[in-house]
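What follows is a pair of complexes built around chain A, which joins chain B in one and chain C in the other.
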Partner chain A sequence: MKERFFKWFYGESDPMEHILDCAEVPDESREEWKYEEHEIEREISRRVHTQSVIRAERRGFYAFYLIIAVISCLMLIGVLLFTVSQLPRYGVENPRAKEVIERYVEKGLEETGAVNIVSGMILDYRAFDTLGESHVLFTALLCVMILLRLDEKNKRTRYENYYTVLADPYYDISTDPIMRIAATITLPSIFLFGIYILLNGQISPGGGFSGGAVMGAALIIYAAAFGFTVTDRVFTYRMSRCITFLSLAFYSFAKGYVFFTGANGIPNGVPKGTPGAVLSGGLILPLDIAVGMVVACTMFGFYSLFRRGSIGGE
Partner chain B sequence: MFENLWINGEEAVAIILFGIGFTMLLFQRNLLKKLIGMNIMDTGVFLFLASMGYIEGRKAPIVTNGVLDTAAYINPVPAGLVLTGIVVSVSVTAVMLSLVIRLYKRYHTLDLDEIYVLSKHQMEDR
Partner chain C sequence: MSLLVIFRSILLILLIVCAIAVNLTKDLLRAVIIFMSYSSIMCLIWILMESPDLAITEAAVGAGISGTLFLVTLKKLRAEDHTEENE
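Moving on to the complex of A and B:
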C-alpha cells in the first residue's frame, strides 16, 4: 500500500490507469514536439540576458516608479474615500436627483407598457444606449477574431500545437463520462431557463443580456461536454454571422422607426399589449430577443475562438 | 473629516475594491494579474453604482398591484448603468485576453518589462 502510494506520488504509476479509459498521448509523437536540448539552452540564456538588461537599464527607474506608484495609489484612495464620506447618506433618497426617476416610474408603465421599469428604461427611453452595448459586444468579437483566428498568416506555434492538437484529447473533458451525463441532465433545463429569462424581460428581472448570457453558457457547456464536432453541425460560422447581423439590423431599423415617428408625433402602430402579460411592452420583447441572440453568439464565439481559434470550425 | 465613512460603508468598500484593482494595475508586472486587477476595479464600480441607487425599505422597480408612486421603488437608473458597465467589462476583458495571447506567442513571456526590453532591442525570437 505504502509502496503503491509512493509510486503514485513520484509519478511512476497511475492506480486509476485501468479504470479510466483515457488515451495517453503516444510517446513518439510527444518526443517529436518536445523542445530540443539546444533550444532549451538558448531560451534560458535569452531569459537571463533579458533579466540582466532589465536590471542594468531600469534600476533607477524602478525606485522612481515605486515611489510615484505608492504616492498615487494612496492619494487616489484617500481622495475617493474623502468624497465618499461627503456623499449623501447610504440608503436615503437623494431629493436633488428625483426628476428623471419620477418620470420613469410614474409614466413608464403607460408609455412603454412594461411592468419592469428598468427594462422599459433601457429598451425604450434609452434604447440607443443598449444598441451601442450590443455593438460593443459585436466589435469585441470582431477584435478577438482578428487576433486569434487561425489562418495562413496566424498559425499555431510548435509548442502550442503540442498542447492543443496532440495533448488535447488527453486533457479534453469531453471524454469524461461524468461531464457527459451531468450535461445531459442539466442542459435542457439551462436552455429553458435562458429562454424564460429572455422572454420575461419586460415583466420580471431579466432580459436580453442575462438571458443571452445563460444561453451562451449552455452552448459552452454543450461544446465542452460533447466536443466541437457536435456543435459544428448546428452552430456554424455562417449561422452565427447571420444571426448577429439580422439581430443588429432588426434592432437598428425597429428602434430608428419608433424614434423617428415618436419625434414627429406620428402614431407608430406598435401594439402595447396588456401590462403584465408576456406579449406586452410593445417592441421590448422583440428587441430583448435580438439582444439575447447577439449575446449568446458572442459568448460562444469567445469560447470557441479562445479554445480552438475559429467559430464553427471552417 | 472622515466621520461619515461608516455610514457610507458600502460605498467605502467599493472604493477600497477600486483601490485594490488600481494598485494591482500599477504594481503587478504580469499582464494576466494586471487584467485581474482591472476586473476588480470594474467590480468596485458596479458595487458603487448599485449602492448609490439603493434606498432603504423600498422594492425593486417592478410595478406590482398598480402602484405608480416614486416613494415605493428604488432608483432604476443605476441598474441600467451597471448593465452597460458589465457588458463593456466583458468585452474589454475578452479583447485584452486575446492581446495577451498574441504577446505571449511573440515574446514567450507575460512579464511587461521583459516584453518592453525584447521589443526595444529587437531581439528575434525563434
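Moving on to the complex of A and C:
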C-alpha cells in the first residue's frame, strides 16, 4: 500500500490508468521481438480481450460518472434553492440580523476609526476571517509549489532548470514590441493604482486584497513584457519568503494583541487618528499593507511557478 | 422601465449567456476569453450592486490573474503538443 502510494506520488504509476487511459509512463513490457510467433498471436488476442474489457469498464465508469454528476448537481441546486428560500425577503426588516448591522453602522466609525465601513468590518471586527483568507492563499501557493516547482524529482532532463525553460524560444514572448510598449505606458499607473488602493483601504473602497491583487497583476505584466531577468533583480525567492512570513506573523501578533486586550477590557494604546486621513483607523492600515504584500507575492508566485517552475530568482 | 433596469437586465442576460457559452465552447482559448468576459460583466454587476470593493477584486483576480494563469497553462499544454509533433 505504502509502496503503491509512493509510486503514485512520484508519478511512476497511476491507479486510474486502466480506467481513464491516461498513463504517462511508457509500458516497459512491450517488447514484442522476444516472443515466438504463436506467443505473439496469443499476446495479441490477450490484449484485444483486455482492451474490450477495459473499454466496457470505461463505458460503465462513464455512465456511473454521468449519473453521479447529474445527481450531485441536482442535490447542490436543491440545497442552494432551499437556502435561498429560507433567507429573509429582500428589503424586509429582519430583527435577527438587525442588531449586528446597527452596531456596525452606528458605532463602526467611532470604534474602528475607518470611514470605509467594509474595511472596518473585515480588518477590525472580523479580522480572523481575513487572517484565514491570507493563510488560505499561502497554502494555495504551497500546493502549487509542490506540484509545479522544478526540483530534482520532476526534471525531464538532467540539465533542465528554470533558466533553460526560459531560454526555450517557444516560451519567450519578451521580444514582442506591442507588449513592451503597452506595458511601458500602462505599468506606472497600474502600480500607482495598486498602491493607492492599498493605502486608502480605510477611507475608500478597496483594501489589502484588491490592492495586492492589482500589484500582483502589475508584476505579472512586468515579467511578461520584459522577461523574468528584470523581475529577478528585485523579486527573489528569499525576498518573497521573508515578506510572506513577516506579513503573516505581524498580522497574527497584532490582531492577537488587540483581541487579547479587547477581551480583557485593557486599553490597547493604538491611536485611531482623524477619520478620513490616510493615517487613520488604528491597525487597519498596517494590516492592509501586510495582506496586500502577501497577496501580491502569492499572485506573482503563481504566475512564475506556472511559467518556469520557480517562485523568483535564487 | 428606467434605463438602469434595462442596462441591468442586459448585463444579467449576458452573464447567463457567457456562463453557458463557456461550457459549450470546444476551443479552450475561446473558453478562457469568454470566462474573462464573464468576470468583466460580473465586475459591472458588482458596481451596480454598490459594492466597489468586490468590483475591484473581481476585475483584478477574475478577469486578470486567473485568466492569465489559464492562458499560461494552455500555452504550456500546446507547447508540449508542439514538441511532440516535431518529433
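Following the convention adopted for this analysis, the second predicted complex is superposed on the first by the 203 of 314 C-alpha atoms of A that agree within 3 Å, B and C clash if a C-alpha of one lies under 4 Å from a C-alpha of the other, contacts with A are read in each partner's own complex, and residues count from 1 in each chain.
Going forward, a contact is a pair of C-beta atoms (placed from the backbone, for glycine too) under 8 Å apart; a residue touches a chain by one contact, two chains touch by 3 or more.
Note that this is a predicted model, so its numbers are computed, not measured.
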Partner chain in contact with A:A217 - chain B first, chain C second, else both or neither: second
Touched partner set for A:A254, first chain B, second chain C, both or neither: neither
Touching partner for A:I197 - first (chain B), second (chain C), both, neither: second
Chain B or chain C, by number of chain A residues touched: B
Partner chain(s) touched by A:V105 [first = chain B, second = chain C, both, neither]: first
Contacts of A:L187 with chain B and chain C, given as first, second, both or neither: neither
Touched partner set for A:A69, first chain B, second chain C, both or neither: first
Which superposed partner A:A140 touches (first chain B, second chain C, both, neither): first
Partner chain in contact with A:R89 - chain B first, chain C second, else both or neither: first
First, second, both or neither for A:F302, with chain B first and chain C second: both
Interface residues of chain A shared between complexes with chain B and chain C: 118, 205, 209, 302, 306
Contact set on chain B toward chain A in their complex: 1-5, 7-12, 15-16, 18-19, 22-23, 26-27, 51, 54-56, 60-64, 68-70, 73, 75-77, 79-80, 83-84, 86-88, 90-92, 94-95, 97-99, 101-102, 105, 108-109, 113-114, 117-118, 121, 123, 126
Chain A partner contacts - residues on chain C that touch it in the complex: 51-53, 55-57, 60-61, 64-65, 68-69, 72-73, 75-76, 79, 82
Complex contacts: residues of chain A adjacent to chain B: 39, 42-43, 46-47, 50-51, 53-54, 57-58, 69, 72-73, 76-77, 80-82, 84-87, 89-93, 97-98, 100-102, 104-106, 108-109, 115-118, 121-122, 126, 129, 133, 136-137, 139-141, 143-144, 147-148, 157, 160, 203-205, 209, 275, 302, 305-306
Partner chain C, residues of chain A touching it in the complex: 118, 170-171, 197, 205-207, 209-210, 213-214, 216-217, 220, 299, 302-303, 306-307
